[in-house]
Amino acid sequence: MNARAFLIGGAFVVFVGACVVTLTGDWRGFFSVESARRMAQLARDAMPPAHDGAFLAKVGYASMETVAISLIGTLIAAIGGLALALPGAGRWGHAAKAIARLVMNVLRAIPELVWAGLLVVAAGLGPFTGTLALAVHTAGVLGRLFAESLENISAEPYNALRHHGTGAAAAFWYSTFPQVLPQIISYALYRWENNIRAAAVLGVVGGGGLGQMLHFHLSLFQMQDAATILIAMIVLVGLVDFVSNRLRIAMSA
Amino acid sequence: MAAVSPTLSRNSDDPAWRSRLLWLVAALTIIAPAAWLTEFNPGKLADAHALKTTARFLATMFPPALAPEFLARIAVDAWRTIAIATVGTVLAVLIALPLALVANRQLSISSLGGGAMCAICATLRGAVRWILIVLRSIPEIVWALIFVRAVGLGDSAAVMAIALTYGGMLGKVYIEIFESQEAQASRALLANGASRAQAFVYATFPVCLPEFLSYSVYRWECAIRASVVMGLVGAGGLGQRLDESMKSLNGGEVFTILVVFVVLVWLADKLSAWLRQQTA
Amino acid sequence: MSISLAGVYARYARSQRTSLADISLSFVPGEQVAVIGPSGAGKTTLLATLACAIRPSEGIMNIFGTDPWRLPGADLHTLRASLFLAPQSPPLPPRQRVVNAVLAGRLPRWSTWQALRSLVYPIDIPAAHEALARFHLEDKLFLRCDRLSGGERQRVGLARLITSSARLLLLDEPVSALDPALAREALGVLQTEATTRNATLVVSLHAVDLAMGLFDRIIGLKEGRVQFDLPRRKITDALLTDLYGAELASSYQSGPGEDPLAQPKLVRCS
């Protein structure tokens, strides 16, 4: 055991060393006096954060837009995820399962921001693209979680109804769905928490909401406005964390 | 046979109906405006011009760009992405560990013997936890945006962004790991006069090591994904290359980079799982 | 229309359950039969085979005049609406309300649209109420299934049978969680229902005295084969001892809380 630990530890040190060397060129740039001065300047420029009424209203609107993006995106993702999870759990045979799993993995593997960049081609800039990007990525994540839930529940209730001559759709809604519903809601709420953060940053590549506003003001070096938006982001994320936590505790009671 | 319960007639209404209706109305009241705010309009996708652009973009995806010079550049970028993620995570650990140690309530000497912590210690611990929360709450890409403004385009912006954000996340989890252990062993050492450092090294750390490594490796895996994402705003690596190719609507290059990215993440996932198995 | 098995061999695909060997039985419509036997005798497999839930590897089946396994898929599905199999552990989704669980017996007769509509607002509450009232559970109508006791869940499963329109009723140890008095009453309700519909009733029971006390024809199963298939009056102690072997003492237990000294004696003559 110890020899192995040393081997892994040694390999690790060499690896990290190689990484540091690769980036060395930029390091000097980062820790130079010049950069430090520029950072300090930026920080100074950001004080005090912009707080005039008109701008705050705009930030408020962008915050609501961000929440809306996360909400609708997660909602669509839950429906899409369930639609993918049914074949993904093997309901319709091996081929369908393999295809569904592949689709879900691709959707999951590509981060929301990359999706947003890709979808801008099809849907233009704005919150709709952000919503779609979130929905697409999260559908992959939720689909995989839902498929696992479907595979873990007892098949007894479903089989009992089918043996009695119930159609597949009715049997699903009467037995399978009530069995997995609590988990579906729990996973969806959990992802919604995460998606607020994602929605906030999607705007950076053109997905609307606070992110788009932040990118805009930063590119114009309007640091005070940027600072306010940043604070709004932190507050929003904290608030959603809190609400979602409460909801989840209430649901599992 | 028992008499039919007097409170329930044979044709009772479903008692759950009213509350369900209320929930439905509440949900619609939230969803409808939300949909409007997001400018939800599936029709946009069917717009003639958009469809043409999409079709053209998709068409250029096949064949994927496979020219050797391009692939070589991508390989270098992929390696840079790994380097960014690794150095960023290492720095994050270096930030998180001391902070977690300070905030670790188990190492509190002033509260030995069941009393409350001294005021200064409690404040200090609280302050450190707040710092970690602030570090965590700002998405790494926002840090990247700011650093790019300050130090220009390039890898170091991404490295520092990861270091700060993940420092916050790792710090919080380290605290949870340390505090979930039995306090007995470290408390006993502290009560017998050992310094905090000694108590930590001899009592807390050995037990926590597997979880500590496991989570840290998992964060490294996330860092790889994050590095690519940050590249989209100019912070280097594969992401920057992807951004350039997307902007020029070069579907073939986009496709290749995406495939490389997916493979990279998959490899990191496998390596991470293997490492975590080794340390379990 | 008759129901019969001839030379049937059947087994559960991926289970340790006993497989049936060379089963030949036939039932007259409206007949009421009890199936008894030690644990692992194949009672569950037999009921599942009759319910067309598992396909025999050999032998010929006849349900209501046709071989179900020769029918095209759609026709077999239609046939299933006439078959009701109540598994030993009631197949109720935990968070579903009793009213929906009971009305699920109507599903084969409802369209998908009606089924969905009933989930939103139950279509036939009086029917569910009446079915539950037979088992003294009418006040549980709108409760969630996981808020019921084991015995109550078992009776809800039986209430589902009442709302269905099946003509072959197959019940796997349907009163195992009920005390003796309640068990007798519940079986009485089921027998009355079967008589009203002229449905064939096949019940597997672990409590021999219940079987002997309520059913005219008893089938004894052991190790996947039919040991005996006799009218009640022809069942002797010797046959039972042979069937159960060492289990005989425990097979007299008919439920929780039963005083062993108060066991009813074996009825030998009808």
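A, B and C label the chains in the order they appear, each numbered from 1.
The rule we apply is simple: a contact is a pair of C-beta atoms (placed from the backbone, for glycine too) under 8 Å apart; a residue touches a chain by one contact, two chains touch by 3 or more.
Computed from a predicted model, the values in this text were never measured in an experiment.
Q: Sort the other chains by how far their Cα centres are from that of chain B and give me the top one.
A: C
Q: Quick one: which pair of chains has the most contacts?
A: A-B
Q: Roughly how far is chain B from chain C, going centre to centre by Cα mean, in whole Å?
A: A distance of 53 Å separates the two centres.
Q: Using mean C-alpha positions as chain centres, tell me how far chain A is from chain C in Å, no decimals.
A: Centres of chain A and chain C (C-alpha means) sit 50 Å apart.
Q: Report the inter-centroid distance (CA atoms only) between chain A and chain B in whole Å.
A: Centre-to-centre distance between chain A and chain B: 10 Å.
Q: What residues on chain A touch chain B, complex-wise?
A: Its residues touching chain B are 4, 8, 15-16, 18-20, 22-23, 26-27, 29-30, 35, 38-39, 42, 64-65, 67-69, 71-73, 75, 106, 109-111, 113-114, 117-118, 121-124, 126-128, 130-131, 197, 200-201, 204-205, 208, 214-215, 218, 221, 226, 230, 233-234, 237-238.
Q: Any idea which chain B residues touch chain C in the complex?
A: Residues 1-2, 4-5, 8, 10-12, 14-17, 20 of chain B touch chain C in their complex.
Q: Flag every residue of chain A that touches chain C in the complex, lowest number first.
A: Its residues touching chain C are 156-157, 159-167, 169-171, 173-175, 178-179, 181-182.
Q: Using the touch definition up top, name the residues of chain B that touch chain A in the complex.
A: 30-31, 33-35, 37-41, 44-45, 50-51, 53-54, 57, 79-80, 82-84, 86-87, 90, 134, 137-139, 141-142, 145-146, 149-152, 154-157, 159-160, 225, 228-229, 232-233, 236, 242-243, 246, 249, 254, 258, 261-262, 265-266, 275, 278
Q: Can you list the chain C residues touching chain B in their complex?
A: Contact set of chain C toward chain B: 97, 99, 120-122, 125-126, 129-130, 133, 136, 138-139, 141-142.
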